[in-house]
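Before we start, here is the structure in question, set down as structure tokens.
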């Protein structure tokens, strides 16, 4: 992930600093050294502290950055997440970008943790989707893991998920699965989307490894799980929220994928406080 | 913006498709042509339809994409935003990326429009911040405009905003403003952050063009606006939400900057429906 | 693949042309138009004709290139693979790069086809490896498919293959498989390398999806296949050549991976002949 | 070459690791440190040990890599080429890419050395061609030097080689040479391809610096060498192999260019063995 | 600026070194260490010493480079600007690129200083323009500052300058200013080009922050300055040279923009002398 | 050159436009179409009209650009160089970048033409150097050709020029030439720098192809030319200007290299006039 992280951080800094931070360059003596701390302004599960560090170390490799909280840990309002020491001009130039990453990633981890807590004790697993921020998928998926979730495929190249339109284009569930099996690397499983019990049966017969139950009702999901009976994995999908997730998990599905984790989390509140 | 848009769209496609969409490549005949429509699944203000089009045209310049709704327009559940026609394999490969952009951008426009509506009739203007998604600032800021908001500076290079730590490093409000004035291009105004009335006075005397009133109470803001008395622009800032924004606007401030527009909007619900 | 192909072709042209083809620029009138044909100088299975076309169209979008042989087709000495028409200067500048791609890719396809022919009638499948030319993996893997082979995982991100050193680091076959299962996307199967029958048993019990039989003798492989008994896929691996491949296929293994397809194929002989 | 090497190595790692080595990340503790050695599994001439080192140091600058064999040196089966020590996860992620480079480059060096040995004692020099792997020309040419060969021009920009089609386009041998002389930097020599004695004469009269004897028979080559009589360099070219090269060298030509060095060498066998 | 500097320096080195410095690689032992000094061969104001250092440190991070003269300082013929020590091969490969930067930048600083000296005692300020070398704007603008000048906007994104054709397209001075005010970030001032007194009045009334007096005569400029009377900044522009600049400054304008600073400065003479 | 041109033009536009031309975007209706012409404001030799066209066509492929003057042609004040028609917003955004290229390149061509005219009738040739603008070498060298000059090597990779420090490092003139000859591609000539007649003799004996006479007096140059007597090419070098070049040419040297062509030319005056 390191290559990608470096690329993402540099691009974000280039976007924000561009031809120069005119405020800092004109008002702050480059020799002034400052200390600052990243402080939680509310309760959340942290993710992205290494990304924040990378923002500053990219601007100045000699910056000192000490993380006090590990990603995945829950923090309370007032907790100090990290100490940073270095040229004031560097701290000021990196502040916004570091916070933008850390606040988003912690927001995702916090929302994920809420979903995971909600289904505790059921056998289900919360997984993410490809509904991530363009360009930031790796960070989004890392944040999901920090929040206790599990990752679905990264992208279109490392997982097969046959959806309704693939099925139609291939000429049916069975044809689609057979075509896929013949052409994909043998290292990949085959997942297929179903919306009715007949499709579940058909998928099962055709040898699908994972069966997605898309926008099914609770009763229908239970029936589908019973029908599958452990012969494939099952994944509930479609507009699932914190209110509905527990009941879904209790239908016995193996996986519950939640787009909101990454498309509708909000930024948590974190401040960077300079010591006087 | 065109260069940047092209770069952003290509990067997003590369992130999602990488070495190939194994599902589509294995199940869909490249010669199959499909039609699909983008449909609103809830009420919102649209932004990003050109970005969605660019996703498909980047994959295949010959795709046909007809936008039915202009950015900035409000839509109802069920409204068709665009018609798309081209190889099914292309539509399927671009679907998720196009929706990721369109759903985020429309989410920002919708939230912005809510803030703008809330302060209707006051003289204030809603502006955005640099609390945007790393790598997507131009799109985020475009979406704010589509929602009826106005943009603050793009980045650190095209606006001066002297914050508390710049002031301290420069040795006071007056020193900071003077240092900036001497060193920045004469085409830039000087904005400075204040947290108390004395600082407002000091900033005014030093000739600040814009005075940010940071996290002030309503009464304090009113006093600040009275004190400034049109000799500079005033900008309210700090944790402003839909509940508090009207009262703040009524203090008489010129500008209200809202980080939440871009750091905590949620994705609106849009589907891409294939015609059978 | 299109993005990647464009990137690879441009890089190859930049490598070869750089600041300019001093010979062509100084001796050939830019207005001179020529016709040429790509001709097979020996028997082989073609792969890469689209790449060759892309070389010329990248130099000049108006070039006319008509492919007469489809990839995967066998050709005889003297067969014309394609007709090209355009500025002589363009044809001359693209010639070497186009041939470098086409000769290598056809070399891989030809060698793959020889392996595939050798095991005809057995149930085994020839697959490639990651022993490809750095930077050209996608083309190498495409050429394997053109030759009738099947692709193993593309890279380290789209397939799990637990090797001896992973096993040791994880503390044994069972531990390795369990660790992997908990952390990888559920869309990926788990393949594990074994070198002895006890390891095969252990892998099977731990639920491996694919069992690699690494450098085993024929008898040992047969025993392993019998032991696995269809409960997982089996893959023979290790220094397999055209002399040994048939006997290996007859042990009943499902897959036979051959590094030589991409690390030791030779370029086939193709000429670009200009019409006088 | 350093810039280019860095670029090539990073691209190769990005190609192979992409979004992450799912096997290693899920099974190997990042804190585990390992030692490994690169071992020759057959006899060959080594080339590329610095490239192998760069692969690992790019992944982790603190890796320890000690080369025991210098490029250009012949090794026997069992010889240890280098010791490597560092995090097991790094060694495992870099292994395949490092070997892909080292095995190809050593393959080229070994084949080059065979040609060089074959013509020992004659005055001729073995040179390479532009028939290299797209994107890897610098490494291919380095490997040729490691094997005792000499490099022809790198690319189209640093050497003039007027071929049959340039001659035709320019209106004859004399016209082509004159046009080139007038337009190329004076730091470049002019080489021209000939296929018959009359062309050799004509080239000589027109002042060619180097005369390529393309696909001539042995007798014809001898005559050409006699005709040239030291007034230009001569280069034999066209399908030359280990069986034919000695006789060609004995015709008295100065240079013998061999495309097979880089288009048809095979990978030598090298293993990376982890210490238990 | 650091990111940009790194990018610019690497591109310049890649341009000059490309696939390798054939002279140095073939004649200089990589182990030979040399010392050299950068020496002024004429009088000038230095700019760019850090860029020169970056050239060498990019080639070899362990090079020792000691700057003896700070940018902005005037030097005499024979002054030593810096000492450099490191591998002779590195010094030789970096020499030309380092000098190309340093000679241009010092040329700009020297010319700027001449303009600044010429208007000493008047209240005017010398500013640069966008007439810079494509790709080198940041360095050109830095050199202007080193010579005592001040920067105008960097580019089209960080300053508004409404020119004649914008005015015409917008439908007049007033309309143009109003349209701009409504749409640009509030952090930017508005500058407008005028060529006659009526336009100056109109611009003033429309609230322009800065009024450019384009190609006006001295008398007209004086009248314009009187008319503006401190209610906006004034900027003289148009073919200004060392002969005319003093009289212009004495008209009372605030700013004088001089394209020649960056489009027509000449390189100063600097040598890199190797110690024997 | 096309690849490189595209890259250079895009970088220049990105540098100037960045996140957007705030002036044009806020004042000019995107639908407004304009016509403009590029007009010479003084006498010069034109170079770069294709680059100017590329600037506009990169912004908008549908722009209409008709060049009226071919590069290399001399123009008078008032001559129209090209007609341009397209969206006013595009013309305004491309104007400065197009002029920056065209004015510099024409400046180089004009200065080169002056040198060429000065030595008319002698046998000498004016050549350029590597003292070009970082990043713009190809354009600088093109402009030299447009002015009637000839190019020296492009960069360090396509020509050998052994300078004083290479000689010292190699252990003398003879050693340096021998080392070079053994290691460089046979397609390159060897040039060596000399400062005294003894060195000229030594270089000649060692077989140098080109002998640079560095900073020699006229008499010394004549003697050197006589000594060389056609057995190598001779190149005068070192601080040559329009006053001294004729006398130098009359010493009989073959080549005269002039750094000032590219390091100290001034921009010629060209305007872009919009039709009312």
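Labels for the chains are A, B, C, D, E and F, by order of writing; each one numbers its residues from 1.
Here is the rule we go by: contacts are C-beta pairs under 8 Å (C-beta built on N, C-alpha and C of every residue); 3 or more make two chains touch, one makes a residue touch a chain.
What you see is a predicted model; the values in this text were computed from it and never measured.
Student: Is it true that over half of the residue numbers where chain A touches chain D are used by both copies, so same, or is it different?
Tutor: Interface between chain A and chain D is built from largely different residues.
Student: Across the interfaces A-B and C-F, which one involves more C-beta pairs in contact?
Tutor: Most contacts of the two pairs: A-B.
Student: Quick check for the class: compute each chain's Cα centroid; which one is farthest from the centroid of chain F?
Tutor: With centres defined by C-alpha atoms, farthest from chain F sits A.
Student: Between chain D and chain F, what's the gap in Å when you average each chain's C-alpha atoms?
Tutor: 34
Student: Centroid from C-alpha atoms only, then distance chain C to chain E, rounded to Å. What do you get?
Tutor: 53
Student: Determine the centre-to-centre distance between chain A and chain E, using the mean Cα coordinates as centres, and give it in whole Å.
Tutor: Here chain A and chain E have centroids separated by 45 Å.
Student: Could you say which residues in chain D touch two or more other chains, in rising order?
Tutor: Residues 17-20, 154-155, 157-161, 185, 188 of chain D each touch two or more of the other chains.
Student: Of all residues in chain C, which touch chain D in the complex?
Tutor: Touch list, chain C to chain D: 8, 11-12, 15-29, 32, 34, 88, 91-93, 96-97, 99-101, 103-104, 107, 130-137, 155-170, 176, 179-180, 182-185, 188, 239, 259-260, 263-264, 266-267, 274, 276.
Student: Please output the residues of chain B touching chain F within their complex, sorted ascending.
Tutor: Those in contact with chain F are residues 1-4, 138, 154-155, 158.
Student: Flag every residue of chain C that touches chain A in the complex, lowest number first.
Tutor: On the chain C side, the touching residues are 127, 150-154, 157-161, 185-189, 191, 209-210, 233, 235, 254-255.
Student: So in the complex, which bits of chain C are touching chain F?
Tutor: Checking each residue of chain C against chain F gives 10, 13-14, 17, 19-20.
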